[in-house]
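Multiple structures are listed underneath, in structure tokens.
Two complexes, one shared chain (subunit A), two partners (subunit B, subunit C).
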Partner chain A sequence: MTENSDDITELRPGLWDTVNDRYPGSMITKADLIPLAKAAKPLSASRLTFVSTSGVQRRGTMPFDTVHPVGDYTFRRVPSDSKPGDLEIHQLKYPTVGAKRDLNVIFPIERLRDLVNEGFIGGLTDNFYTFIGYNMDAERLERTLAEDIAAAVEAEKPDVVLLAPA
Partner chain B sequence: MSLTYLKEAVEAGDTEKLIRYVRLHFGDGNEEAGRKEIDKAWVEALKPLLDVPPTDRAFVLKTLEERDVATLAHLYFHLHFYFVKRSGEWIHDGEL
Partner chain C sequence: MFLPFMMGHHFGVPFHVELQKRIIKEALRRIKLAENSGDIYHFPMTWAQARTEGKEIERLRVG
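Moving on, here comes the complex of A and B:
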């Protein structure tokens, strides 16, 4: 908190009320909270994986379903050694202009490799994981997609997971 | 909207809630924009038929006959976005 924090204008006043009004019942409320795990070793000795809602996927794979009214509950594996040119974005709900110029602004695959080369991160898993954020069935999202991604991530035995919304 | 909310609307026959959901989806959260998008798609679907060109009606009828209703409904949503894109006026932030 800064001294003048009271003067800061909220960019989207009443945002959550708006979401509730537009999408009644879509807000996820959970009584239980699972705290973040503490890192077992320094980042420079850790293997990292990346989970993103960016809708980035390898060219030639089944596009994320951006038209389905209830959402897409699948994920894609993106090899962590992919070149940006090997990847494309299927995502309807966020601006992709910047990401098309430089994919790293939404899916920092090259920056993560840079950090490995600099020794800041110990290494990367073979794959990263992506899905799209338009999933209106929160229960299904938790029961299927989240569990599927968790199982896939666990199989690669990363030490840390970078989670990034798009 | 949660699935529970929508299924309750189906049970109650509350079509206004259901069509609002569709408009919000097509309008990226803006109901009025969604309403215009639906109109836009139908206008674009009408245009290619005005000169009554030959169409593959056998394919259409075979598809309707042989495919399950969920696939056809999915196709319907795909067609909406197909015709909206074809109009050249794209309101969405991202892409299909």
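Moving on, here comes the complex of A and C:
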């Protein structure tokens, strides 16, 4: 304890004010927001796809490069009828203690099928899409990976896309 | 939708099927309920609550 220990002070004040100062271009600003899109049909009649940064992929497919210094800008298709046992995680940047016991905590493939069976969602696309979230070049990600996934998703013609980080 | 959960657990805790489904449903409800682009909805549950419920589910599974 010191006489100032109750004070809330920055250890390095003024170093940078936002993450964007430290990693320019990495943060979305209000100016980047696109107009809100309203659903054209009810969820119960909509086909959904899922896009995740979890690094989940089918066993036997090319593993994501989890140790490349600037990241891996590729994506994988994961068939939406896969069993959790058919899948594995290639990502080091988040704790997988829960996902190793129940993959649905990060990649809820069984729960999405449950919601289709319950009629909450109309259906699923043939594939879901994954990549790894640790990519240090935001501009490259936007120019390559984001465009590649967008094109692949669009080709499956979903009505709704659920996006989730890991 | 923002969840104050541990990284790697954005859909809840292991074997908590109802919580996992509830999180997906709440996220998808934002399609109708969001008023503006960029709106953030805070899921009304703490990580401690999720963990407590998860532990009880695991206790019943083992038992």
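The rule is short, and it goes like this: the second predicted complex is superposed on the first by the 133 of 166 C-alpha atoms of A that agree within 3 Å, B and C clash if a C-alpha of one lies under 4 Å from a C-alpha of the other, contacts with A are read in each partner's own complex, and residues count from 1 in each chain.
By our rule, contacts are C-beta pairs under 8 Å (C-beta built on N, C-alpha and C of every residue); 3 or more make two chains touch, one makes a residue touch a chain.
All values reported here derive from a predicted model rather than from experimental measurement.
Visitor: So, does A:I121 touch the first partner subunit B, the second partner subunit C, both, or neither?
Guide: After superposition on chain A, A:I121 lies in contact with subunit C alone.
Visitor: Just to be sure I read the superposition right, which of the two partners does A:D137 touch: subunit B = first, subunit C = second, or both, or neither?
Guide: First partner only, subunit B.
Visitor: Go through the superposed model and pick first if A:A164 touches only subunit B, second if only subunit C, both, or neither.
Guide: A:A164: touches subunit C, not subunit B.
Visitor: I want to verify the contact counts: of subunit B and subunit C, which reaches more residues of subunit A?
Guide: More residues of subunit A are touched by C.
Visitor: With both complexes superposed on chain A, which partner does A:P69 reach: first (subunit B), second (subunit C), both or neither?
Guide: first
Visitor: One more residue to check, A:V105. First (subunit B), second (subunit C), both or neither?
Guide: In the superposed model, A:V105 contacts subunit C only, not subunit B.
Visitor: In the superposed arrangement, does A:P95 touch subunit B (first), subunit C (second), both or neither?
Guide: A:P95: touches subunit B and subunit C.
Visitor: Once the two structures are fitted together, what part of subunit A is touched by subunit B and by subunit C alike?
Guide: 94-96
Visitor: Spell out the residues on subunit C that touch subunit A in their complex, using ranges where they run on.
Guide: Its residues touching subunit A are 6-15, 17, 20-21, 23-25, 27-28, 31-32, 34-38.
Visitor: For the complex, which residues does subunit A have touching subunit B?
Guide: Those in contact with subunit B are residues 22-26, 55, 63, 66-70, 89-96, 136-140.
Visitor: Subunit A touches which residues of subunit B in the complex?
Guide: 1-5, 21-22, 24-25, 28-29, 31, 74, 77-78, 80-81, 92-96
Visitor: Taking the complex as given, what residues does subunit A use to touch subunit C?
Guide: Those residues of subunit A that touch subunit C are 30, 33-36, 38-39, 43, 48, 94-99, 101-102, 104-108, 111-112, 114-115, 120-121, 160, 162, 164-166.
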